[in-house]
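A, B, C and D are the chain letters, set down in written order, and residue numbers restart from 1 in every chain.
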Amino acid sequence: MLKVKSEKELRLQFGFPKINSKQLKQMSSSQLKIELTETIRHYNSKGWSPATSTNYSFKDDTGIIWVSKSGIDKAQFDVSDFLTITKGGIACGEFEGIKPSAETLIHCALYELFPETTVILHSHSVYPVLISSQLSDKLSVTGYEIQKGFEGQITHDNTLEIPIFDNTQDIVTFAKTLLQNKYKIQNHSFIMRKHGTYAWGRNLFEAKRHLETLEYLCQFEWMAQQNS
Amino acid sequence: MLKVKSEKELRLQFGFPKINSKQLKQMSSSQLKIELTETIRHYNSKGWSPATSTNYSFKDDTGIIWVSKSGIDKAQFDVSDFLTITKGGIACGEFEGIKPSAETLIHCALYELFPETTVILHSHSVYPVLISSQLSDKLSVTGYEIQKGFEGQITHDNTLEIPIFDNTQDIVTFAKTLLQNKYKIQNHSFIMRKHGTYAWGRNLFEAKRHLETLEYLCQFEWMAQQNS
Amino acid sequence: MLKVKSEKELRLQFGFPKINSKQLKQMSSSQLKIELTETIRHYNSKGWSPATSTNYSFKDDTGIIWVSKSGIDKAQFDVSDFLTITKGGIACGEFEGIKPSAETLIHCALYELFPETTVILHSHSVYPVLISSQLSDKLSVTGYEIQKGFEGQITHDNTLEIPIFDNTQDIVTFAKTLLQNKYKIQNHSFIMRKHGTYAWGRNLFEAKRHLETLEYLCQFEWMAQQNS
Amino acid sequence: MLKVKSEKELRLQFGFPKINSKQLKQMSSSQLKIELTETIRHYNSKGWSPATSTNYSFKDDTGIIWVSKSGIDKAQFDVSDFLTITKGGIACGEFEGIKPSAETLIHCALYELFPETTVILHSHSVYPVLISSQLSDKLSVTGYEIQKGFEGQITHDNTLEIPIFDNTQDIVTFAKTLLQNKYKIQNHSFIMRKHGTYAWGRNLFEAKRHLETLEYLCQFEWMAQQNS
């Protein structure tokens, strides 16, 4: 007789506890920290964060920003690998003196530009790196059902644009570039040339949907060229 | 000494309880709901349902149709994410007022067209999207052993066709298109252009075999072009 | 403090009990049945057996051949999915009347051609199917370190050939083709055109090494053409 | 209510215990043996060690070198599959008479060339094999954020070179080639033509970051050519 699986068995089997969409939107900060940690490890298993790359953040229910520590192997990311930062991107409180991600100021700029944001994700998968090495200042797509993954998009029958910004080690300047180019950022994400993607949302569920939508579009656009 | 693994250990290791083909055909509705949930999560891990995309349904042993709720992250799909619908595609019973998948009417049309169907699956993998962006109204294949995965196909030495229908947000019209084009649907599946695949069967085992056969053929056809 | 993992923990984590090479060569039939079952599920997770395809066999320590039943989803393959066959490929003993794999006679031919064989594996991965759709009667490779995965190959600096036989539904005739073309089969494996690969060995360890070597070479040869 | 996961649950779920960067640098030899074993199995699941290929080593806290035994299926690699070797690459101590990896002298040469090294990793993934079949004596890359994964690289805006050495079965001579070409090896890694990659570091964390960086660059360079 087939034994009905308990919640615990499904968690061990697949790695993700079941959170319904309502819970995700109202998730407490401690729950969000756990869910985001699992998301980070999951995306690492997809090859989206090789060689300790990428960085992630969330805003807790008191408005404090938590960002991932610098140089952590994302296959082993743990809830203790987040630290609190000031709006200027410096580790604060009990974490004073610890090095946050080198790209922390990008996160600060995004929370400023899009105040409803509570989660920011980043990926170094190959497809955005490949596609941005060819295109100039944007990725433009039309007619894919997956476009509806971006909040605000209700049809495939529409052209949408994702901006591509040049990579730089001068993150202070890059953060300013974002602030000055808000009008280009229409779909909760952007690409850094030969670097990767950033996507964000009002909650983790939405941020994940945005990142996965952009990653899929980058993969599709690259593969479509192979046989054109 | 090598310890023989118990059924429970194999389940935890690989994620799927062993169901023999006879059990699958006679599976109770509660068992089917669990097995389909595991299939949904498994296909998500293969990249077939990014960004909350796809939808699934089954017909229970009283003839009621259960379809997946709208906007669920398929990595976290749970048995409680199915709801009952009327033949007109409206959530009913205890689920009244909850939003079923936007493509529910496609499922209703398929149960009407093919009354022996008890399970319908859907995929958004890249290969059907890629191949349908190039072809006109069908995918035509000849000579692959895998073609025998479609019920009714007993040889590789045969040409079979899978229809490609244009994507639309007007699902009422799309459902009618299916009803009017039954003669084109010869292999328990079809492709929606730049959207994905649908496949179905008399039970879950058969529906999975049909979907996996179509996905493999789309992948093969796309890759074959790269070196032609 | 880092807890040292027990054998049981490593098994649950990675799915394979540790068997040293000596044990594999002397494995009892019941152990071999379990190890082969895990291998079948593992290869399914790599995409090598979609849509219930492929078949496997082993020779037990009394010389009886066990082959996989027909039409089993290899993601759910279980130790009870093997049955005993006669040298003529008919299910016998307690399994009389059950349908063995449609390709059982291929296994019988291989045990006859190569009497030291105790395990035969089969794959439907895309790369042999792709490469065989282009080549005529053999895959020829030179200069890859991985070639040493074939028993008898001690250097990369050598040209080796893997025969490609045309696919057919007439397995009786195909088995005869194998028996008549033994001189072509020099590396414990062959390809069936637009179908897949067969590889075998004196034990499971060796059979796996042969299959993985061939699969890698097919993948490499296909990908190498993309940029030639 | 969402149950907070224990360390043990996360280990079982994802397979890697959480080790912070400080612990990795000060890891005891027994801990390092376990962590390296898990890394070997993890890389095998990524397809980086097919058909028993690859070899690995570490230097313990007494300065003794441990290298992987020859011919082990890396999906089943166990802590007991390491053995101690002399500086001349011969198994010693309790392991006298057991065959170490055929490429042991490569490891000995690297410990001699780079005395701070404590871990050496090796991969047979397809991308280095593909890229080295095309290039002459080096892989040259510019402008990728991932380049910063190599210790000493602080910007993407730099050209770095990874040497490609011809493969040979004469490992004594190959080891001498390395010793004579130290000036070419600037980024803690090299490629063996149509064979694979070697990467190393002052600890496991660093060695993994170096290997993953090189593997990513090889994959990127290969894929970039497809659409050039």
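FYI, a residue touches a chain if its C-beta (ideal position, glycine included) is under 8 Å from a C-beta of that chain, and two chains touch if they have at least 3 such contacts.
All of these numbers come straight from a predicted model, not from anything done at the bench.
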**If a chain touches chain C and chain D alike, it appears here** = none
**Prompt:** From chain A, which chain is the farthest off, judged by mean CA positions?
**Reply:** C
**Message:** Quick check on chain A against chain D: do more than half of the interface residue numbers occur in both copies, making it same, or fewer, making it different?
**Reply:** different
**Prompt:** What angle, rounded to the nearest 5°, describes the rotation that places the Cα atoms of chain A on chain B?
**Reply:** 90
**Item:** Intercentroid distance (Cα basis), chain D paired with chain A, Å
**Value:** 29
**Request:** Provide the C-alpha centroid distance between chain A and chain C, rounded to the nearest whole angstrom.
**Result:** 41
**Message:** For chain D, give me the residues that contact two or more of the other chains.
**Reply:** 12, 17, 19, 226
**Asked** What pattern do the touching chains form: line, ring, star, complete or other?
**Response** ring
**Request:** Chain pairs that touch, all of them, please.
**Result:** A-B, A-D, B-C, C-D
**In the complex with chain D, residue positions of chain A that touch it** = 11-12, 15, 17, 19, 23, 30-31, 34, 41, 45, 50-53, 71-73, 75-76, 78, 80-81, 124, 126, 129-130, 133-134, 167, 169, 192, 194-196, 222, 225-226
**Request:** Using the touch rule from the top, collect the residues of chain C that touch chain D in their complex.
**Result:** 2-5, 9-10, 12-14, 16-21, 42, 143-146, 149, 154-157, 205, 208-210, 212-213, 215-216, 219-220, 223-224, 226-227
